[in-house]
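Next up, some structures in structure tokens.
Here chain A shows up in two complexes: once beside chain B, once beside chain C.
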Partner chain A sequence: MTSMEKRLQKELQAMTKDPPAGVSVNTDLLSSNLSEWVVDIEGAPGTLYESERFQLGFKFTSRYPFDSPQVMFLGPNIPVHPHIYSNGHICLSILTEDWSPALSVQSVCLSIVSMLSSCKEKKLPPDNALYVRTCSKDPKKTRWWYHDNSV
Partner chain B sequence: MASEQHAFAYDPEKNYDEDIMAQQRQIEKEIAETQPLVSGLFTFDDIVEEYTSEDAVYRHKIEDLKTRYANMRKTRGDGNCFFRAFGFAFLESLIKDPTDYSRFLELVTKSKDELIALGFPQFTLEDFYDTFIDIVKQVKSPGTVEKLVETFNDQGLSDYFVVYLRLIVSGFLQKKEDEYIHFIDGERTVKQFCSQEVEPMGKESDHIHIVALTKALEVPIRVEYMDREGLTCNAFTFSASDTSDDSLVKPAVSLLYRPGHYDILYPL
Partner chain C sequence: MATTSNSIGLGSLLKCSDEKISVAVRFSSNQSYIANVGIKDTILDLKKAVALEANISPRNINLVLAGQLLTDSTLIQDCGLGSHTTLHAFFWSDDGLASGDVCLGTTHNDKKTLQTQPGPSMESSSLDTVHNNEISSGVHLNRQEDVPQRRESDVDGDYLLRRSLQQTISSLGTQLSACTNIRNFSRFLVYCKLCESVQPGKLRLCCKQCGSGAFLVDRGPCNWNDISSDTSIRGTCKNLNCSCDIPRFYLRCCQHHEGDIDGTAVGLKHVQPNSRRVECIICSDVMSHVLIFPCSPGHVMCLDCFRQYGSTCLSERRFIEHPFHGYTLPCPVGCSDSHIEESHHFLLLGQEKYERYKNFGAEEYVLQNGGMLCPGPGCGSGLFPATDDRLIRCRECQFESCRECRREYHVGDCEEYLESLRLDLSNLEINNERALRASWERESTNLIEETTKTCPGCQTKTERSGGCMHLVCTRCRTEWCWVCVKPWNRDCQADHWFG
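Up next, the complex of A and B:
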């Protein structure tokens, strides 16, 4: 087993045994070497996204946990949020420059749930149209400019 | 080159991020291919060749270093150089003189539970801790400098070691939040600073990282600053406690700082 698989195996165990509220790994959609995961998340009660269901796709390289995972929303229901583009890409610093190998799938999911929970108005990012038209398929190939810590 | 630049026309409808990032990856790849994580020994006569004969200030300062240091090792310029240089140099010093080994092992063994108590997730922390302790124990098993060089050039092991040192610094700063909040720029909490500037790999170390690491591990460090000011290097000793007098401290590790980078120095 590679060090990436060993680490992900451990994370998977922790996530299935003791999943954080509103987060669950979709074990039917796990790839055999654990390099791709789908995580179901549910908007927290009392927030703008209450009881809405979303899917997050995770992709890991063999350099994980030194390389950050590629994380984006999948499927037909993409949350409308000022930091989430309509193609599923997420503007969140821990996914690129503030990633640390001590973070995990769980901490990424919790950050995304908390980002949804603190949202006060459902609206798309101001540059959504241009970004979605010109960006790479891989959100990690975007040089994100993090300028707003409030949501 | 100039004509290519001249021909470049910026297209606001195009996204250049991918090209720019590909170029950054290429630069990182070149650095990784040409610079070992921790090099063999260099003499100062090798180092002086890095500077042109017109570069009198630097050449003069290398002569100054020669009066106090025998030789040096270089580390890879990947943003982790301070942590890697410190880690290697300190363990190497323990191979040569194991007096401080037991104290150090006890202190770092206790650090795991302290970090978990501070909120670091146990299951990610454990991997880094286990590798870190294995490497520390190599010093006594019995340790050789050759084996240590090999370990520190194995990227998997070496990076795990660096991660754990970063977590120790983060834990120390968070524990002493009241004291260190005044040294953090921007409107950030100590925890935010740590998650942005300490814990991620490749983030360069500043004064505050060095102060925190020396105090957390109680290992004094001397840094020789080599910049364009003055004629000699400025040496600064980071003492391991607030009470000790710099002049009485015998640093366990000596590092050479050249703008943006740390290498390891060996005193005469």
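Up next, the complex of A and C:
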């Protein structure tokens, strides 16, 4: 078993045994090597998204947890939110440059639930139309890097 | 200084033992003996072997390991000795005074002249004290022996010496009972450059001033501060010519290595045996050895995950230049005050990555301190140009570069020069090989010029393969706009954040 599988196995165990409020792993849609997950989440009571149900898709590379997972909303119901594009992409720093291997599926889900909960007005991101038309399929903020200075 | 090294055939002295090791015993006079002993032999057996060779009584020999006196009944295997471990010895004359070194020191080339210094007879009450401590079974005096008369002139000095020695022994008695097994010290782990791995460290010490290993400490070290260069531990140097009371601790790999191995093992203060069986914060496995970050929760990472964590952060240039600890990494949870405090921990990433780590660290230091890196092909030396001239000449490779555009030095405007580079395709040499290389480089240069923009902060060529227009340079931390190629501002955000 690779270290990525081992780690995800443990996360899965913890999340099925003791799931956080409003978050549950959809075990029917797990891929066999655990590299793709679907997590059902529910808007917290007393918020704009109360009792709305959404699906989050997780994709992990073999370098997880050193590489961040690719996380986006799936299916017909995408939350209308200033940081969530209508194609499911989420603008959340812990999914890109602030990712740390100490984070987990659970901490990502809780961050997203809390991002929904703190929303004051349901509206799309200002640049939604353009972004959805031009963005890459991978919502992980694309890396940029340096060429060797000496070239 | 002449050194005697003789192997001693112990034969009859040895009890049954499976494994034998060679142990070097060195007196502070630099006289050494090598004895082959079985690991199930006792320290007394070792003393007997040395005594036979040195023509002195075994009870006059005191052996010191890591600043502690070794008791006669201790088994060799419990001392954590390896083959060719050196034990330091000082001589204890029959009057209870550690005066032998003076004698040995002056006669180290002629063992037959070994003599004990004359000394006073000791009070029986003080003898009992020493004896009851049980650490001095090799030290206790035989009252039946003739005690030579001491010279009157030595009274005060000898008395003081005896007093201080008794105090040392009393405090050692309590220390040794708490710490009977010297292997306990292996909680100090080292990275051994010869084994290229983490190994238990053998803690050794010597006198800070004269370097003699015959040095007794008042207490054993408990933590890394205790064995640092400004240790609070004090002790007594048994070299009578030396009055220093400060020990210098150092670590060696527990494996046997031939030859001079000074400096090949470096202590890893954040790595410890996982005695509390804490899960790794990354893989949640419980591993035998872990790295503990110096944050207040003490987050724990296994060494495999630390290797991956370090390698990933290195290739993404996520290390930071810390004001005290240099180029380093924090705890992945993001705790404050959690940076690895000692750069040798990054040896765990392997030799090649460690070299890269050192290079990156040096580059970061140069850039953060207002310097630049030479853009000469294959150079990259750190430069701190003294003048404001646009022409910068590298001291290493003599490459001349332009301060403004960080390209080869040129006359005139940087933009015009760049344009001329793009157009100038005709100037190839006749030599085919060289022409091929030149055209390849030209292609490569053109590609870089087409696909990258330069960070307005540090001029680093930067490629953007997607995402928004707001870039943060991982080299100089400048936030800049891909469209304007200027520092990021509100207008960029309002106008073309996403293109």
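Structure notes:
Rule of thumb we're sticking to: the second predicted complex is superposed on the first by the 140 of 151 C-alpha atoms of A that agree within 3 Å, B and C clash if a C-alpha of one lies under 4 Å from a C-alpha of the other, contacts with A are read in each partner's own complex, and residues count from 1 in each chain.
Quick note on the criterion: a contact is a pair of C-beta atoms (placed from the backbone, for glycine too) under 8 Å apart; a residue touches a chain by one contact, two chains touch by 3 or more.
The structure presented is a predicted model; accordingly, all values stated were derived computationally and were not measured.
By the touch criterion defined above, A:K10 reaches both chain B and chain C.
Look at A:S32: by the touch rule set out above, it reaches neither chain B nor chain C. Contacts of A:S100 after superposition: both chain B and chain C are touched.
Contacts of A:D127 after superposition on the shared chain: chain C is touched, whereas chain B is not.
Of the two partner chains placed around the shared chain by superposition, chain B and chain C are both touched by A:P65.
In the superposition on chain A, the residues of chain A contacted by chain B and by chain C overlap at 3, 7, 10, 65-66, 97, 100-102, 130-131, 134-136, 141-143. Remark: chain A residues 3, 6-7, 10, 63, 65-67, 97, 100-102, 127, 130-131, 134-136, 138, 141-147, 149-151 touch chain C in the complex. Looking at the complex, you find that chain C touches chain A at residues 281-285, 299, 304-305, 308-309, 312, 316-317, 331-334, 373, 375-380, 406, 441, 444-445, 448, 452, 460-468, 471-472, 474-475, 497-499.
Residue ranges of chain A in contact with chain B, taken from their complex: 3, 7, 10-11, 14, 65-66, 93-94, 97-104, 106-107, 130-131, 134-136, 141-143. Taken together, the chain B residues at the contact with chain A in this complex read 13-15, 17-18, 20-21, 120-121, 123-125, 127-128, 156, 159, 163, 166-167, 195-196, 199-201.
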